[in-house]
Amino acid sequence: MNWLAGLIRSLMLLIVLLCASNHSYAQQRFPKPEFKTEYTQPVPEHPAPRSPALEFLDLAILVLVMSLTAWVAIRRRSRYGILILTIFSLFYFGFYKQGCICSVGSIQNVALALADPTYRLPLVALLVFLLPLIFSLFFGRVFCAAACPLGAIQDLIIFKPINLPVWLRKSLSILPWTYLGLAVLFATTGTDFIICRYDPFIGIYRLNGKFIMILLGIAFLLMGLFVARPYCRFICPYGALLSLTSRFSKWHLSIYPTSCVQCKLCTTACPFEAIDFPDSEQTKPEPRTQTRRFLTFAALIPVLIAVGMFIGSLSHVFLSRANSTVYLAELLIAHPELRSDPLNLDIQTFLASGQTLETLTEDAATIREKFRIGAMILGGFLGLVIGLTALNQLIFRRKEDYQANRADCYSCARCLDYCPVDKTIAHG
Amino acid sequence: MDRKKFITNVGRYSILGALLFITGQIFFKRRVSASGQYVWQIDPMKCTQCGRCATECIKTPSAVKCVHAYDLCGYCDLCGGYFKPNTMDLNTGAENQLCPTGAIQRKFVEEPFFEYAIDEKLCNGCGKCVKGCTSFGNGSLHLQIRHDLCDNCNQCAIARVCPSDAIKRVPIENPYLIKGAFTS
Amino acid sequence: MNKKVLYVFLILLAGLIAVLVYTDHRSTQLDKRPDNPYAYDISEFEKVDPAMIHYSETRNIRLGKDKARGISWFDNHIYLVTENNLQVISQEGQQESKMTLTGRPNCIQVVKSGIFIGFDNLVSLYNFEGQLIRSYLSESDSSHFTSVAFLEGLVAVADAGQRVLLLFNEDGTLIRKIYGKRESEDLHGFIVPSFYFDVAFTPDGELWVVNPGMHALENYTTDGNLRSHWAKPSMDISGFSGCCNPAHMAILPDGFFVTAEKGLVRVKEYKPSGELSSVVAPPSSFETGKTAPDLAVTSAGEILALDFDRNSIRIFEKKDQHGS
């Protein structure tokens, strides 16, 4: 009988809608006057939005900047060139375009497009998501080097960068993946676009913003004086994706053109600790212990995934509260006395809308279920990431020279200026 | 070396394949708008004049302005959106006006009709006049997002807190939803 | 710079960032959002101090499918015009007789001489047997008669279409057209933006007409001269809100005015001087933002309000001194 109930409900809705629309067609309270004098009614103007063609122009400029960065970093081998491009991006993508729409945030748009049938993803958003990833598959993280406005401001503010211990760097490396997972979870459930909301530098680029946001930006910049590119290294979710894709890049910035003289000047230059040390500096473990360690950790991965899924499912209630529908439902159920609070606009609007608490609770339950599944996937995914990161540390890779770590290196080309081999070649 | 290169190549093309798959899914499910952007729009029928358009917009002053649908206006002497409710003298004194910034210009047309025009440079999008007009008048005043001012954020800060979910993304072809165009 | 100090500084910054993010998230949750600094509380106007309400609704009569158009009371009977007929109803609500009309009536006034029914361009006078005695015709095609009043041989007809008050002799001849003039220089006449324009006689024989655009009630001599007037443009309970109110008016046997407004719907009683005497029915008694009820009064001082939205006759009686 469900279909019958549904039919009746639709009919009633139709009748209500007809009556409601009749009201708007009905006589106004105060009818429009018939003017006796020569009065011309003003025609208000409605200014048009920015032309969509300009968005594609911005995209073209992005491609141009990334291409130039790749050429400068790999072929031309000049820090100066990268610096010029970085400053350009600071002003164009930063202060002029005010950072919107950016590749970092586009993750959310793409995620929403996959999850929500009513959402239409603009082509520009899709391209701004794909292009830096595709470029990184061939040239490394050229987007981070000189195109991303978030990276540009952090890169230019580096003052006295410190070295962080390896264990700290590796543990913090889980944060970007966590942020990525949370951003996707919140975007697909229609809760919020948290990457956009907590973008620290947007207040600075807009030269305007809530006090908290400006303070956040200043905090990051202060941190950026001493810890190079803190957002890029430890928070940026797009950076997590780029660190993955960049590992498989066909070409990449290489520190020395022919052979390394082991002078370590490049490691002094690199503020991001993105240069790998060669073999001879590290103790080479025995193959058998290595294999045993590897197998142990490999076996540990499913356990980590399971634990992650478990923690995820435990936390889904907490996470779902970020969603306003869920929060409202919880609030009204837990505090029914708030219904009579005239100052709470959201509750009063809800009560006036005619929607019942039952339907709200149903919607909230649906969303919470999405959170449960999403949080479990997120937890398992993070368990996998932790396992793989630990495993990665254990794998011994034969390195003879100092090399840029493909995952971490932003192709900023600071090392190129320091490398003496380079200079020798340049000056014959 | 060869094995490493092989793995790198496999990895690269797998990732490209995954990206292609995601793109394909999006196109296949018809969730791409090829024409371009979406812009934010206020539905004046859902608006509850909560005042958040003035306080939450990331721009100062807000990109939301009051718009007047003259077709619906009654041109009343005692305008519900212009005058404070306890006004005795119907003149343009600042103490009589609802608008906190004095953005409504009252102009005499003919007895007893007055034209009320919004000066957008002064309007802060608070919706007080909209509330007055909707409650006591015809509801010809309503709030709209002005697209020469709006930055078109990925997630509208006002939409996030709108109590009646009146702000939605719409195709760029029809950015405004002006009253009068669809009522009467 | 001392490394330890730097580390502490960095840890503090990281903590600050976490606190800022949490604070921002919390401050936008539903129950923590700040109040509206631009709040305009209009519920003030729908609330009326109960001490000001001296009437209570004692009964109401539901009308059937016929949509009512106007109401009048005479000699213990209620006379109602609907879309196409005239109905006589007892005070208890029993339909006593019904008569079909040609044309769509706008208003009705029943006196000893008979039943005056106003249509768009004419007023028909019927006797109590239902026979048409006489018609009072408009000279123009764009007339829209909205109210009829009768006293001592004079028939006053309010024409909202032409914005004029017509005075006829009882025999049907047009004596005078009153356009309404003010004592001051700007002679603008009756301002009638919508089809609500009421006229009534006091028991003493004074001719009072509503000037809706000016939110005023005006008293004219039969010569067409303005004798007195009072105006109250205000959204406050003591005044008339919107652009054209009061929509309907009636006069009680003691000479007090009863007014009904549209938009912010309320029925009030005024002293002849224009001072608010009491509220008959506050906005909360009516559907919000809708039509003003048509009014009729009984010889006992009861007020009949014809509620168009609910299609019923609502009867209000003055509360006794102890507020029953």
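Per-chain numbering from 1; labels A, B and C assigned in written order.
The rule is simple: contacts are C-beta pairs under 8 Å (C-beta built on N, C-alpha and C of every residue); 3 or more make two chains touch, one makes a residue touch a chain.
The structure presented is a predicted model; accordingly, all values stated were derived computationally and were not measured.
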What chain sits nearest the middle when you go by CA atom centres? B
Of all chains present, which has the mean Cα position farthest from that of subunit A? C
Looking only at C-beta pairs in contact, point me to the busier pair out of B-C and A-C. B-C
Distance between chain centroids, defined by C-alpha means - subunit A, subunit B (Å): 27
Inter-chain centre distance, subunit B versus subunit C - centres from mean C-alpha coordinates, in Å: 36
Could you please state the distance in Å, as a whole number, between where the Cα atoms of subunit A are centred and where those of subunit C are centred? 60
Residues of subunit A touching at least two other chains: 29-31, 33, 197, 210, 345-346
Could you check subunit B for residues that touch two or more other chains and list them? 50, 52, 74-76, 137, 160
Going by the contact rule already set, what residues in subunit C reach two or more other chains? 33, 36, 193, 242-244, 263, 289
Parts of subunit C lying in touch with subunit A, wherever the complex brings them together: 1, 3, 6, 9-10, 13-14, 16-17, 20-21, 23-25, 27, 29-31, 33, 35-36, 193-194, 242-244, 262-263, 289
Touching subunit B in the complex: which residues of subunit C? 28, 33-34, 36-40, 42, 44-45, 186, 188, 191, 193, 213-215, 233-236, 241-244, 263-264, 289
Residue numbers of subunit A touching subunit B in their complex, please. 24-25, 28-33, 35-37, 39, 41-42, 44, 46-50, 52-53, 55-56, 98, 100-101, 105, 108-110, 113-114, 116-117, 119-124, 126, 130, 133-134, 137-138, 192-193, 196-197, 206, 208-210, 244-245, 247-250, 345-346, 348-350, 352-353
Can you name the residues of subunit A that touch subunit C in the complex? 29-31, 33, 160, 162, 197-198, 200, 210, 212-213, 215-216, 219-220, 222-223, 226-227, 322, 324, 327-328, 331, 338, 343-347
Interface with subunit A, subunit B side, in the complex: residues 8-9, 11-12, 15-16, 19, 22-23, 25-26, 29, 31-39, 48, 50, 52, 58-60, 67-68, 70-76, 109-110, 113, 115, 117, 137-138, 144, 146-148, 150-155, 160, 163-164, 169, 171-172, 175-176, 178, 183-184
